[in-house]
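Two complexes follow with chain A in common, the first pairing it with chain B and the second with chain C.
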Partner chain A sequence: MKVEFLEPQSLQDAVAMAKAKGVGARFVAGGTDLVIQMRKTGVLPEAIINLQRLRALGEIKHDADGFSLGALVTHRQIESEDRFLGGLQALRESACVIGGHQVRNVATLGGNLCNASPAADMVPILLCFNADVTLVGSSGSRNIPLAAFIEGPRKTQRAHDEVMTDIRFPKPAGKFASAFLKGGRRRAMEISIVAMAGVVSMSAGGTMTDVRLAMGAAGPKAIRLAQAEKFLEGKVPSKAVLEEAGKLAAAAASPIDDVRASASFRRHLVGVYARRVIELGWNRISEAGNDRSAA
Partner chain B sequence: MNSPFRVIGKSFARLDARGKVSGKAVYGTDFAMQGMLHGKLIQSPIASGEILSIDIERAMAMPGVYAVVTAKDIPAQRYGSFVKDMEVFASQRVNFVGQPVAAVVARTVEEAEEAVRAVDIKYKELPGVFTTEEAIQAGAPLVHPAWQEYKAVPTVKRDGNVTNYARLVLGDVEKALKESDRVFTHRFVTNVVHPGYTEPRAAIAHWDDSNQLVVWSNTQLPFEAQATLAEIFKLTPSQVRVNLTVIGGGFGGKLRLGVEHYAAAAALKAGRPVKFVSSCEEEMTSALPRQPLTIELTTGVTNDGKILAKEASILVDTGATSGSGVGVASSVMLMLAGPYKIPNLRLESRSVYTNKTPTGSFRAPAGPQGNFAVESQMDIIADALNIDPLELRLRNIVREGDLAPNGQKLESVSLETCLLKAADAIGWKDRKPARGRGKGIACAWWTTTSGSSGVYVKLGPDGRVFLNTGCAEIGTAALTGAAQVLAEALGVELADIQIVSGDTASTPFDFGAQGSRTAFAVGNACLDAVTKLQQRMKEIAAKQFSAKPEDIEITTGGVKHGDKTLSLREIAAVAQASQGGLIAHGTFIAPPTLHDKERTENMVITAINSPSFHAHAVDLSVDEETGEIKIHDYVVVQDVGRAINPKYIEGQIEGGVVQGIGQALSEEIVYENGIVRNPGLTDYKMPTAMDAPNIRSFLIESPSKVGPYGAKGVGEPPVIHPPATIANAIAAAVSARVQTLPITAEKIVRTLAEVSTKAT
Partner chain C sequence: MTEVQLDLTVNGRRHRVSVPAHHSLLDVLRDELELTGTKTNCLEAECGVCTVVVDGKSVASCTMLAAQCQGREVVTIEGLQDGGDLHPLQEAFVEHGAVQCGYCIPGMIMTAKAFLDENPRPTREAVREAIAGTLCRCTGYQKIVDAIMAASQRLVQQGERP
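And now, the complex of A and B:
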């Protein structure tokens, strides 16, 4: 079977090609999800539309409002981005545990989000930062919150001719820190059995505020842990408080049993990691004293 | 230190380094022939059943397809190591998911894959057995209902799904257990692990104009491949020529036929050369992984820690064919007695069929499984008796002149040195330095496999030396080790030697790259060749100098007589001009290891040849909440007899430890009703570079009588101890004892929860 390989030079071309080829066409960025799926299922798309020439989508930008990451930004770029030190460091922490070096050199952020695996490692932290994604298709451009964009395992709101162009998020205000932890059997080349991201800010009174917690791989899609967040608001992270937050997080998980781990172990880890992510974030604010992330 | 050697003991770069580093080496998967076609297997989707029909019509009409091969196309011939229970393609029954039923031959791999889906095979599913416990029940479905018709070696005692029932017996166990102060019984279960070679199994076969079968493959054993292919295709061995490609790792997984037989059958039918390369999924579902064992071990001791008796009942799950599992079931008993002096033994083992992937001879077959049981239990006993685990071992280990469980007399026993050194290096005195941190130790012995080796050592016209061997270089650098032996003895530099290997038609026979024997046996054959070559050199020189051969002196790089000298190059020139060059056939066969035959019943492996001794120790932390393990330090002390090339021995040690850590912590082929749930490298988790700890190797040189310059086998042992060593350290760190492999984070957390429930 022959697969047509198309190389649009502009975003408009990419959209037009996708529209012309219909649902049988697929975009490719790094190909680290797409090619594996092609090989595994033996089902080939009629056409592959390579986005790699759209170099404008490969940049990380920021302004006073926040950050914008092009969909073609690779995990390597994110893990080595100086602006993601300090308060934003969980972005680097999430990116640097994806696959191995070879994968991170080519795999993109856009691919990670569009592929919508429940275990996609970049999703939890971007949910914490309230990221929006921009989609450009034949009927124009639109912005959707990431939380709404991903609907379930491998299901998104993206229409087949829409290209994801960028991912934006506002920078949290004040003194804040972030953290990311991932559970799996190995230290690399590992699909998360649980992923947990957190962002926490310190109020003038020295309590936690604007707490954000998101978990991946413990349900059909990555989600924010609203109850745990609400519970933590305004508290100091004592042992008992963290314990309770962990319980709330675990209660929100709906993990599956599979060859990687049992549902009950995943749920247990959700509790542990929720607690640890908050604790780690809090320690980081206290240690840093101020926010070193670029502004 | 002043070494008496020029070449031995030095860490020279391996002779095949350049090709491998530059990418010029031609591996099996690289190899191609003019007019070559590609083959793909069609594998059974069910674990147990009958083949009702095979319809190839639609596939044959597909583009690029040349042939579809089935059992009908080759002689109905079963083959196998101990029991002849294997067939190339399933003829009537299928016995495991993934069993090859047919193969498609096409112009491209893609066309072959496409056509595989078009072959219509109908099956009638039958009940299967998936655990050894089920398989040995009376009335259990038989994996091979026709087992009685299969030929087998006379030693084995078979019955239905049991392919051998063997025992190792000494003294009076019943009485000794009664007299013991404490008796401990535990059950240990080990995992199915893949040898994890980097290059999949690959072969190209071609039938030449004289109807000789010519095969290029990345097999570890060209001569066994030759013999087995001859058996399958009803040829004489000399009608089969096996050529080696460069090999991307073997670890025992490439000892038996891989895809050579499929390629041969396909090439026969298609009339063109055909290439087969295993896919990753085929590797995980139908290669030859390590047997999982269930071991019930009972040990009787006195209060001061003297072992009085051991009793064991072992089930070896060999999968759908018996393969090397019969051997594993024997050698595991030699491992289970441990390197300990035990006056009373009653060990019994059964190798058993199940409807799962046939298993093979993965590096140190039986080693890690047996060691995990015996060395885990040693620590449990030590704890119960309140004796330090190292001390308990020292009170029971074998020493110089002691008898092994099979009655063989042990020589060059260095075990105490190994244990003490390992304990010292890991800082044993502080065995539980902090909460969640602990140290573990384990020790073992291992064999150096016998079998004969032949080499031709030829003097090139320029004085270069060709080492022509039928033994494969599977990546260990063991042939560089053999070349170092040759260089040392012949008085040349390592760089003067060129290795020629792997063509059954032109190399002398070799029992092959297996069982830690390559440098040992090929090295010894080189020594024999040197003796013969030097005799011939003396004769040539004697003629030139008008002297007597016995008055000629061998020097580094030539010979001399008084002040007259001849270099190797000059000798070569004379030899070429006068007597068709100079070549010597060196041979070696290890002397038999004498032991007490009264003690072994139906065992197919009965001795530990030129035993090596070793101890491992580890320092690790356990995260009690997540079960995650962090290894801080890993120490290996291994008696290698003589370190021929220390760097590559360290390479074997580090690689073996990492492979062993995989078996200990993360690797497992997981089955559900005979179906592999993780048939790929996404979920079959070999350690990555990020998971490999710092490993420190200490080489002990307690020379063997048989090995070249005192060497002992070194390749397999490092993979034996990691499961037990790590299990012991985990137990020291967090008082959770996991008795099934792999020791996953999840199992640790579950065990800790059980321990704390019991405590409250």
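And now, the complex of A and C:
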């Protein structure tokens, strides 16, 4: 079977090509998921549409309201972005654990989200920041919350002719901190067996406020931990409070058994990592001057 | 139109090749251009033996489509030596005995090359992190890290970088 290779020079061309080729066409960005899938399944698309010439989708921008990351931004760009120090540092922490240098140099944020693996490491922190994704297709452009975009393992709301163009999120108000932790068997080059991201602000009274927690790899898709978040609101992270939050987080997990870890070990880790992420975020916010993300 | 016509620059030389759209850069380097210094193993970007440098960055050539390399600069292990003189990284690997079976070494050296170009004065810890995606099943990494540290000093001394 012959595979066609198409190189659109504009977004409009990319969409038009995808529409013309139909469901047999696949977009490629960094290729780190697509090339392996083609080889493993032996199923080849009729056409591969290369998005890499769409340079405009490779930028990280910000304005007064928040940030916009192009879908072609690489994990390398995110982990070395100076604007993601301070309050936004969990973005760097999430990106810098994805594969090795060779993967991060080419793999993109858009690919990570569109591939929709339950263990996609960029998803939890973007859920915490209430990110939206923009899709542009033959019937126009739409914004959807990331939480709704990913429906389940490898299932998204993206129509076959839609290109993800960017990922936006508002900057949380006031002084806040973020943290991301990933559990795997080794520190580097490991698919997460649990991924946990959190964002926390400090109220005038010195308690936690606007707490956001999200976990990945412990269910069919990454989710926000609403009950734990609600429980933590207005409290200080004492040992007992963290303990209880960990229990609420573990109760929300629906992990699987696989070669990497059993379901019960994953559930246990969810509790542990939820506690650690809150603690880490709280320590960070307690250190002065943690609102540099405004830069 | 069945295959993609490519104009590839590898180690400073331009090659015109015709490849199926789904073939990887690794396929083209080894099978079309017969540059077999770049090794092949997992084909899943897990082991790093196929690492080459594209536009100054290390990449796993097994998961990069050759067609996506049109107009980009590819450097493989064959392109490191300069008129018969080994690159300081290659010299350091020899001097430090950082090689056992040797299979991982081309990928290891190319990983280190791209890293040192961006980080001329790394710490040992940073070197270990940089080669996390390039596995060696023989050496235990100690001598590899020694060699990369030594090469970084030599490169700095040679004034190749400020």
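Just so we're on the same page, the second predicted complex is superposed on the first by the 291 of 295 C-alpha atoms of A that agree within 3 Å, B and C clash if a C-alpha of one lies under 4 Å from a C-alpha of the other, contacts with A are read in each partner's own complex, and residues count from 1 in each chain.
We adopt the following convention: contacts are C-beta pairs under 8 Å (C-beta built on N, C-alpha and C of every residue); 3 or more make two chains touch, one makes a residue touch a chain.
These figures come from a predicted structure and were not determined experimentally.
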Original post:
So, does A:265 touch the first partner chain B, the second partner chain C, both, or neither?
Top reply: first
Original post:
Between chain B (first) and chain C (second), which does A:223 come into contact with in this model arrangement: first, second, both, or neither?
Top reply: neither
**OP:** Identify which of chain B and chain C touches the larger number of residues of chain A.
**Re:** C
Original post:
When the two structures are overlaid on chain A, which partner does A:100 contact: first (chain B), second (chain C), both, or neither?
Top reply: both
Original post:
Who does A:125 touch here: chain B (first), chain C (second), both, or neither?
Top reply: neither
**OP:** Identify the partner contact of A:15: answer first if only chain B is touched, second if only chain C is, both if each is, neither if none is.
**Re:** neither
**OP:** Name the contact category of A:183: first (chain B only), second (chain C only), both, or neither.
**Re:** first
Original post:
Which positions of chain A sit in both the chain B and the chain C interface?
Top reply: 100, 187-189
Subject >> chain A residues touching chain C - in the complex, by the definition given at the top >> reply: 2-5, 7, 28, 31-32, 35-36, 38-39, 44, 47-48, 50, 52, 76, 99-103, 105-106, 187-189
Original post:
Residues of chain B touching chain A in their complex?
Top reply: 113-114, 117, 625-626, 628, 665-666, 670, 677-678, 682-683, 685, 687-691, 744-746, 749-750
Subject >> Footprint of chain A on chain C - complex, ascending >> reply: 1-4, 20-22, 24, 43-46, 48, 51, 57-60, 62-65, 67-68, 70, 111, 114-115, 129-134
**OP:** Flag every residue of chain A that touches chain B in the complex, lowest number first.
**Re:** 1, 42, 100, 183, 185-191, 259-262, 265, 268-269, 272-273
